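What follows are several structures.
The same subunit A turns up in both complexes below, where it pairs with subunit B and then with subunit C.
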Partner chain A sequence: MGISAKNAPMKPFTFATAIYESGDWESAQKLPSNLIDSIARYTAIPVAPTGVNVALATTEIFDHPFVWLTGHLPVRFNSKERENLEHFVRRGGFIVIDDHNHDIDGQFHKTTHEELARIFGATSLRPIPKNHDVYSCFFKFKDGPPTTTQELNGWGDNLVHKELFAVMNGNRIGLIYSSKDYSSEWDFEPDTKRFMEIDPTRFGVNLIVYALTR
Partner chain B sequence: MRSLANRFGRPALEWTLRASMLLALASALWLAIHVLRERPAATARGGPTAVRAALTRWSTVETPERVHVAFDSVPTADVRDWLAALPAARTRISWEGAALTATAVAVEPVIDPKRTTRVWLAAPAGSNAAISDSMGLIDSVSARNGGAVITVGDVQGSIRGSVGGTTASAARSDSISVKPVLVFGVAYWETKFVVAALEEYGWRVDARFGLAPSGDVMQGAVATIDTSRYAAVIALDSSATKYASRIADYVRSGGGFIAAGDAAALPAFAAMLPGAAGTVIPEKPSGLDSIAPLQSLALIPIVQLKREAVPMESANGQTAVAAVRVGHGRVLQVGYLDTWRWRMGGTGAEAGDSAAVADLPRAHRSWWSGMVSSVAYAPHWSIASNGVLDPAPLATLVGALGEAAPQSRVRSTRLGNPRLLAALFVLAIVSMLLEVASRRLRGKM
Partner chain C sequence: MTVRDSVHQTQRALELLFAFGAVLWAAAASIALLIAGAAAWIVILLGAVVFLALLWRARNAWSLERVALWFEERAPELRYSVVTAVDPRYASILDATVGPILERTDIARATRRTVLRSVAPAGAALLLAFAGFLIVPHRVRIRGTSVSEHAGALAILPNRLNPLTARVTPPQYARLGTVTLDDPSTISGWQGSRVQLTGRAGWSQSLAMTDTAPSILRLHDRQYTRDVIIDPHADQPPTVTLRLPDKDTTLRFVTGNLELAADITDDIGLGRAQFEFIVSSGEGEGNFTFREGTFGARKLDAERQLHLAVTVPFASLKLGEGDRVSVRAVAWDNNTYNGPGKGISETRTIRVARKSEYDTLSVNRAPPSADTAMISLRMLIIATEKLHAREAKTARPELISESGKLAGQSEAIRRKIQQIINETTGGGQIAPDTLLTTALGAMWDASRELMIASPGTALPPMYVAYKALQILRNTKRYYIRGIQQPIIVNIERVRLTGADTGHATPRGARSAERSNLDQIRVAYAQAVQLLRAAPDSAASMLMLMRAASLRVSPPLANALGDAIAAMQSGKDVTPALLRARRLLESAPSKLDSIPPWSGAWESPRRTPP
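The block that comes next holds the complex of A and B.
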């Protein structure tokens, strides 16, 4: 029996975490549920209650135009992962790659940059200006990307990173690279938000809203 | 004794011969005078330079009775008009040109942000044609089925289509103003990718995303929905329901409307749509990893088409896209769901055609742009064309000079035939000799 078009449910947004062959892709396990909670809390976007893990080497990645990729360990994509990542971005997908080490001298940062240079070209990763849409498409962040407690506490490279970097697909962001370690910042139980004066995941809402609307 | 024949017949015969001789001499004299007064015929062969030189001669130092021109290429408009004017100076014209290529060109504006001009070229099948504007060559095409059609971007000056030695020229007689497109949809992949596809193609897009409980997020300055602002409105889901009456007014006044996906099944738009929404046909997951994923998308088939509706596309035997006129506007109902899946597609492993699959975003944006172009409202206004245009040079030549005729088939007058003069002279001599012989035989001097 078919579904009546008039009663067809609106499809929800599904948060996807990228699985890649090397490294520890599952290092921020509470982050998906936290961002899903924020999307449901602040927006009217229908959102699936649980996220999914999708392998970068499979075509499943193309079912989820928003993907989160993180880890601490060296990143070495295999050829299928490289090919899919390039197609994913060029076709209009949006991927956030966040350095869970918060360390520009760390292995994740170095090897990921090498991989991105190999896939998109050495000069493809460019800083995102503070007045970019991604900082204002839902919540307003007039100073650019919000600072994380990891940065303020001097962990990792002991730097406060002023900007995020992007690979552009035309005039849209296709890939964001972050050294700010949002994977640590947002890796907590959603219920904890009620004890916080300012919810740090608000910028995560912006990333998802940007991906869904730009 | 003289016979009756000698007495009556011979004198009568002699009088007849004398009369015949005099008549033949008079006719020959008249004919000689006529031939002396007749103007000569002239012929020209070759290309424009040779014909132009002959025309100059025929219009100044010579005034031929008749001219015959054998063209090796279609003459330019000024040469053709010059020839067509010769009969007014009592010079008859005939022409031939077996090797001339028939061609014609027409130009029309297209409601498209990038490819604004469509060129129609008529040419013999299999011939190669060059299409150019005043800046130079635009494209080369091989004519099939009587011609070729190409759509190009902005053109400078007139368009020329050259086939063989024939060049036809035409210019756009009107221009259009392509206005932005307004898209309504919830913040989801379909809305994002439809907006992206249209923007990447070159359309200006204002979008209203249903996003926050407190209100919608807008991209661009969403303005009043009227034909002075928007070329078309696209509704992708129920977020457009609250604008249904304004969209209906917009369509009746000439605007274009596309109800796609979930919006094609909304009761709010039902009165405007070409048909009703059928039962959802689910996506064929394996089909998306192919080079024709459009056929594999989930579909709300369009059923119970209105009498005046026109089915435009079908998928798996079901109507997938249909159009109908409403008031002064046009409405398109698109049954495909989640067309973004077409764009994101797959790796093409099954299809084995990585180039075609890599082109999926381009196919997706071209398809959506085509949908918008087919309903978009765009005011036209006339533009003056500069220069001499010759859209169908050979047809115009036939119209101006009449059908082609080889020189051998051009009829000359009997009076101009030199054999006639000789025949008359022979007749006079023979008559005279016979008359003299008859008289001598009778014994008369």
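The block that comes next holds the complex of A and C.
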């Protein structure tokens, strides 16, 4: 008698940060541990105590259902990175690309959009409606994506990005593009949360829960 | 014959004439509507309306007095005596005097003139409409429409869809000539081409290749239909390969030139090409600035290949410490239909090092420990290989002494690997990298062999360890910028301590994706079933399957094309269909064992009791 999948030991979720050649992929050093902490703090999902850095150009990326990609600098994927990203999304992976600059039409924004258009097509990136499952699959965010402090008072520009954008894989989100700079918002020591009235990383929990269960 | 009888006889003739004329006009109008492609009910309705309108217009023919007046109009010498004579009250009185006058009058001539004026144009109109129906080609309609209602009504001429000629004229920007295809089952061409179809009896229809996906064109000629696959090819954007710079690099001094070179190709013709650069300056959140520009922009005259090269002095880029230049080549084609298509090369990044980076020996941060372990191991392998080479000529005590020293070095490397494992796993909190454990085990073996003065047998495990460390080094030092230090979270301490509680909402099942080949498989089975009972339907299905498989599986499309050709020429279709079936079915695979039994109760079709 064979062993059915439901009896197999569950592999804990491991937070993965995407390494890509062109930019400062490692710019949010504390974000992985912070989201790992939040997953453990709010959910019963088995989670590895530390994140991993996976190269987008290697097949290692396919071992992870959730990948975080961030940076400030222009994004120019090489052909392998481009190919793997497309396969990753088409095969049911979930990647969040967050503009660490939180500006409008900056170099990260422009070059990433260009790359995504090249990979998935010019009209593939669509706004996510506020009633989408990603805003309610664990914590409820009735106004859509939570606003970051960078947007409200970070650099004094009060530039609030109202929506997140997504590349869909059928009915499911395969890629989220964010200009909200969660990479800055969530880049702090997890223990700091005890001094906060509202934990800003709760939306990160939604992103991971969505990636793992939808 | 009385006067009344004569008028009555003429009245009947006129009634018949006008009714016949109305029928002819109605038929002509109906045929004209058929040519225009109107629906059957419109044809019948308007035919009836024309018929009734003409009868209404000729209603006077049904009145004896009116016919008598018609007599009087044509023979004024009667002086309205006929009108009085047809009145029964005066008939007996006037018959004797009016009768001879009436006999002398040439009424037949007047009747013939009426025939010529009313019935002859109707007959001519009918003949003209009929000729039009035979000559004017019927509409070309794309898939999804049914055979027209009038099919089968008139099958005098042979099938005008066979043979068929297609003239494919590529879009003007392509600067390519027109291609003529005789009797094609598939018409291929560039997207944006115009296709002119001509057939027997000189009919002609044209259409544009607008889509990029293959489609079926269904042609109708009365009861005849013919399917043709339209297979447009999209103009691909240029392919751009950056030759220089060959790889990313870090400059210590900003002197000399930046050599840029790229090879560019396009399937139809290039429009322009250039190099693009972005200079990123600054470091840290909020301090980044960017400059953009181009080098070596060139307009091109539809060349298909180009080697673009330019030399740029670094001084012109005004680079400062820590700046990064990202360069790439970009080319556009001449596509004016839905383009231009844009091709982009890979990007190379050139970084200018900061002076502070040279305060230490290394440009970047110290290499990972695995690197130093690997370098030490390489030296150890070289030393062990040398010792093994002179093993036979070396005295045993000397061999034991030298091998013992190497064993010490081997142990040091093993401890180094153990130290790396401890560092990267947080003292064993997470599983170590398998490459490190492989290297650790191999170095254990190597140390043991060296301790017993057996350098030959120590070498294979050293090679294993070296290979593992080399893979590790390549994967971990793939990028020059830096590394993200893993921070270990104490999961057990924080587990479910969050004050805020979320609620996982139920999720729906993901819909199963059905590939194009799956759909073709289903259609194949249906087509094979229809082969005997309804060969025309089977041929249509095969045509649709061929159109669907052109992009998915060209060999399958070829097999289906052969099957269609065999059907059209009355040959045996079996070999081509067998080929298609083999291509549709996935290759048989060998399993090592029987698949695990999942139990019927797990079947999703089974409903719980």
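The rule is simple: the second predicted complex is superposed on the first by the 201 of 214 C-alpha atoms of A that agree within 3 Å, B and C clash if a C-alpha of one lies under 4 Å from a C-alpha of the other, contacts with A are read in each partner's own complex, and residues count from 1 in each chain.
By our rule, a residue touches a chain if its C-beta (ideal position, glycine included) is under 8 Å from a C-beta of that chain, and two chains touch if they have at least 3 such contacts.
Since we're looking at a predicted model, the values are computed, not measured.
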*Putting subunit B and subunit C on the same copy of subunit A, do they fit or clash?*
clash
*Please indicate which partner A:G170 is in contact with in the superposed arrangement: first for subunit B, second for subunit C, both, or neither.*
both
*With the two complexes superposed on chain A, say which partner A:R76 touches: subunit B (first), subunit C (second), both, or neither.*
second
*Would you sort A:F13 into first (subunit B), second (subunit C), both or neither based on which partner it touches?*
first
*With the two structures laid over each other on chain A, which partner does A:R202 touch: subunit B (first), subunit C (second), both, or neither?*
second
*Kindly classify A:K30 by the partners it touches after superposition: subunit B alone (first), subunit C alone (second), both, or neither?*
second
*Between subunit B and subunit C, which makes contact with more of the residues in subunit A?*
C
_If we overlay the two complexes on their shared chain A, which of subunit B and subunit C does A:S22 touch? Say first, second, both or neither._
second
_Touching partner for A:A44 - first (subunit B), second (subunit C), both, neither_ = both
*asked:* For the combined three-chain arrangement, which segment of subunit C clashes with subunit B: 145-153, 325-333, 505-513 or 559-567?
replied: 505-513
*In the superposed view, which residues of subunit A touch subunit B and also subunit C?*
2-4, 42-44, 137-138, 170, 172, 209, 213-214
*For subunit A, which residues are in contact with subunit C within the complex?*
1-4, 17, 19, 21-22, 24-26, 29-30, 32-33, 36-38, 40-44, 47-53, 55, 57-58, 60, 72-74, 76, 78-79, 100-101, 106-107, 111, 118, 133, 136-140, 155, 170-172, 184, 190, 198-199, 202, 205-206, 209, 213-214
*asked:* Give the list of subunit C residues in touch with subunit A in this complex.
replied: 248, 278, 280, 285-286, 288, 290, 324, 326, 328, 344, 346-347, 349, 426, 429-430, 475, 478-479, 481-491, 494-498, 500-505, 507, 510-511, 513, 593, 595-598
*Spell out the part of subunit A that touches subunit B in their complex, as residue ranges.*
2-6, 8, 10-11, 13, 42-46, 59, 62-63, 65, 83-84, 87-88, 90-93, 137-138, 170, 172, 209, 211-214
*Can you list the residues on subunit B that touch subunit A in the complex?*
186-189, 191-193, 195-196, 200, 207, 209-213, 217, 219, 237-238, 262, 264-267, 277-281, 289, 300, 338, 340-341, 343-347, 349, 358, 360-361
